[in-house]
Every structure is written in C-alpha cells, then in structure tokens.
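Heads up, the next two complexes both have subunit A, just with different partners, subunit B and then subunit C.
Right, the complex of A and B next:
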C-alpha cells in the first residue's frame, strides 16, 4: 500500500470513543509507543497498521512503574 | 430451568462445528479458520452460496435503514460488505469491527479500492467484550458472525449495552430451513460439495467442513429470538430468507 516507514495514523474518531474492553474505562494514547493504555486493566493495546487491536490477549501488560 | 441442551455438559465445553471442544479453545480455533480462509473469503462465499449471500446482504442492508445521522457498528464485519453497503446507502459513520486482523486487512484494501475510506473506521475487537462506551452507537449489525462466537449471550448483551436507547441490533445468520423439500438438497450441498470446494479453491477442506457444521449447530429462529429477548432487546422480529436457509433477526434497545 505504501513504501514509507511512517505508521498509518490511527483514526481520530476511534481514539475519542474507545474504552478498555475489560474495564470499560477511558484509555490514554501513548503516541511514542503507538499504544492505547488502560491503567485500570494494566494493559497496553497495540495499534497495528493504524488499526487499534483491542484484544486483551494481544495487549502488553504494563510494567510496574 | 434444569433442561440443559444436550450439546453442552457442565458449561465447560462448546460446539466447534459438530465437535465439542473446551470453551477456551473455540476462539483460537475459529481464528485459525478465518486466518486460513481470509484471502479467498469473498470468492468462497460466492461459490458456496451460488452468489445468494449477495442478495441476502442487500436485503440486510436495506433492513439496517442507513441514514446520514446514524452511526453503525458492524460486528464481525470481516471484509466489509455490510459497512460498504451502509455507506453506499447514505449511512453515517461506520465502524468495521472484527476479531480477526487478517480479515480487516482485506476489508481495508477493498475499502481503499472502492473509495470508502471516509466515514469508515477499522477496529479489531472481540464482540463479547466491546471497547466502546455504553449508549454510543445507533445501529449494531452482525452478519454471519454470531455463529462463530463462543459466548453468544455475552455478544447480545454487549450489543445492547453499546446501543443508544432507540437504537437497533440486527443479525443476519444462517438459520433453520423451513421448507422440507429443500432439506436433502441443502444437506448434500453443505456436507458433500462445500468441503470439496473449500479444498479445491482455498486448499482447506477442514475449515469449510467447520463452516458447514457450525451452521447446523446455530440456534434456530425462535431460539435466537428468545436469546435476544433475554439480552434485553425489545420487539424482536424474524425474517426468513430463502426458505429459512438464512434469517434476519432484529430487536430494539428501548
């Protein structure tokens, strides 16, 4: 589709409304890691090719920091 | 109620086609089926249904009643037919959601090719655990998806949860044939022809055997209608298509 290395931007409309599928609480967008972070669930959901992957089994557990 | 359906014992196994598998195993098994069939899914649908699925989807899209100020959540939207039809019919913003990223990639390529990029968002989500707030969409659709879900009551409850009051859920799915004369032909088609087509076209007879079996394990018209009422949907209606080979169920969140 594209030869550039730029990640496909995530849909701003989705960014606005998505919640954590487990806790139904708001998410924060980590632009640097391109992840949607649920503090409540302790999970970071990846965005691949511009598509938010809101599946707990594919999410990264947050480090204890 | 004490009468458990014979297929489920103690709730820890579930149908995967005609087999019983541990509940935890169904999701990865279904995922493997769709990973395998994704690149040829559209072609296979045409062959499997002799193109009839296109007519069913047209009827379904009309039933969705697309309007510019209404939003759509298209569950198990796969390669995009329902979302595209909604947008082409003048519907408002659509979210094409599927648990399978391989299906969504095919859907996005098709959307770009057809110029449907505006008004369409792509989302990988599990219909049993939707990442959307309560009362956030006007219409929720699910075409040929509910069959593949492990916890169908959870899907229906989630659909109701995300609907705005006054919003509607519609499901297009294979159902129980209502015309006796059709049954032998339909059986032969499903279990003799279909898996061979799957082998010949997609190199994967097992996945298509699963698809044929899963159709037979799916709740019939009345059972699904009752499940929708149990999930809190109102004024549930059923419309048979092609003699009940498929059916459209609809219900409102009031």
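Right, the complex of A and C next:
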C-alpha cells in the first residue's frame, strides 16, 4: 500500500507547528501526496497512517519530481 | 545506526509487558524534576510506548499539550494507541538529535530512559534546549549500572555470546554517573542543573513473569536473545535463574535510575 491510499488525516494543529528537522524552516503540506514538503532542504517527509515521519533518510528528494 | 536504535515490531509489542511497569514507576520522579504543572506544553522525546507522555498528560490537563516522539515507528504507533483519546496529544517519528519542532515552543522537555541510546547525547540536549522557551526545563532519566538495572545485567550475560552487544550494553550505562549528566547539561547551556538518584526493588510473582517477555523478544534483551540458538538461550536462562536465586516463588529485581534536569 502506498502512502497516499486512504490517508489517515494528520491533526492540523500538529502540521502547523512542525518544521524541517534539517533547516528548521516551515513546511508545506502536500495534500495530494500526503507529504510535508521542505523547499529549503529539497525533501518531502512522508505521513504514514497519520503519523509524520520526520526523518531525512525516509524523505523523498524533491528533484525526483 | 537506525536499525540498532529502533525496535522491531515484536520488541515493541513485548516491551510493555517486559518493562512498562518499571518505566512507569520512575516517571513521577522525572515529572517532579521537570517541575511539571497544569497548562504546560510538553515534549516527550524517545517516548517509547508513551508511558511518560501519558503521565504528563494527566498533570498538564486540558489546557496543556503533549508532543510525543520516537525514532521507532512501531513504538510511536503504541504511543498513539495509549494517548488516543486525548485531543491535546500528538505523535511524530523524530530523531531526538534533529527535532522537527520550532525554537522556544515548549515549557518542558522529558526524556525517560532514552538519552543513553542517542549516538550523540550532547547534540540531543542542545536540541532539547533549542525547543524550550527561556526558563523552561528539560529532565532526563538514565540507567546507572548493569548491576542495578532491571535487565542490563542479563544483557551482560548475553553479551558473552553475541558480538557487539557488550559495546551496546556498556553504552546503555555511559551516562550513569551524576558528574557525566551534569557536565552534559552544562555543555548544552543549561543552568540550575540538578541530579538525583532513585532506586526500587520490583517484586514479580515468578521467574517466568519476569523473564517471559524477554524470551518472547521484548526490549533489547529479547532482541539479543532472539538472535541466539536454542541451546545457548537455555544456558542463559539457567544462569539468570541462578543469579535471581529462583526457587519457584516470587522474585525481586532491583533497578536504579539517575535523573538530570536543567533550566533553559
């Protein structure tokens, strides 16, 4: 199952406070891909079963787009 | 590194049975060291199955909030289940040395029996200080020595048979000295640094009640056991039984922790 199949929603109050663990800059929520995007780090952090996975080694490099 | 630090599914599943009553016993001392009070915003790093977070939630009440993090997705899933009914508790998979939380956003940071597993504990404490508001407090608990650890002494026995485990076990107790904790807090920029020591003897109804969860893969001990052939496991079991002077009745296991805390 991919991360985007029937995504469990993340609490928006948590999304509001999370920053990029590398750059500590704000993230944007990509609803379609169910990812938290850090433009500064060039990484998209996955959300699995409603739990943000804030680890760079688990993140998708944005240049794959 | 991540592999060594993150618990596999069975370890998370048996962890509660193996160790949660031990963790839970010491949590109030940690909350006291953190000066936890109603309405506070709390970060619980290396929350495991969420034991400290759940206790903290009761203290901070509906006006406070908890963010509970762990490196292991299996552990964080357990923590979410434990905290599920609280609308002011949030979970995320995080590296305690590189948190995805903003500067000065918490009143208290807790880390219950977790900091000693960080590859770089000082980096962790720097992160704790970064996310604390000025005047906020971080409190961590660590194990002291294998002989006064609930299961560390078993790991020492197992380590004779598992290459690499001896090093991992000694690392588990690397922060056990009060002076070591104090200097780490000082180096990370904390003030008003305190340490204290708490000890308790746990009585279990039988040897199996104590050892069974480890035999089923619980915690670091169980994971190490699972990697061994049956015959060696049997030998270790007998050695542990002998050390506990098991006669078929209740047994006693001692555990000591050190708590360090400091103000941001």
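Following the convention adopted for this analysis, the second predicted complex is superposed on the first by the 58 of 65 C-alpha atoms of A that agree within 3 Å, B and C clash if a C-alpha of one lies under 4 Å from a C-alpha of the other, contacts with A are read in each partner's own complex, and residues count from 1 in each chain.
Simple rule for what comes next: a residue touches a chain if its C-beta (ideal position, glycine included) is under 8 Å from a C-beta of that chain, and two chains touch if they have at least 3 such contacts.
Remember, predicted model here, so these are calculated numbers, not experimental data.
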**OP:** Tell me which partner A:32 touches in the superposition: subunit B (first), subunit C (second), both or neither.
**Re:** neither
**OP:** Figure out whether A:22 sits in contact with subunit B (first) or subunit C (second), or with both, or with neither.
**Re:** both
Subject >> Touched partner set for A:11, first subunit B, second subunit C, both or neither >> reply: both
Original post:
For subunit A, which residues lie in the overlap of the subunit B contacts and the subunit C contacts?
Top reply: 11, 13-14, 17-22, 24, 45, 48-49, 51-56, 58
Subject >> Of subunit A, residues touching subunit C in the complex >> reply: 11, 13-14, 17-22, 24, 27, 45, 48-49, 51-58
Subject >> Interfacial residue positions of subunit B with respect to subunit A in the complex >> reply: 93, 95, 99, 101, 104-105, 108-109, 112, 121-126, 129-134, 136
**OP:** Provide the residue numbers of subunit C that touch subunit A in the complex, in ascending order.
**Re:** 2, 67, 71, 73, 76-77, 80, 90-95, 98-103, 105
**OP:** Report the residues of subunit A in contact with subunit B in the complex, numbered from low to high.
**Re:** 1, 11, 13-14, 17-22, 24, 45, 48-56, 58
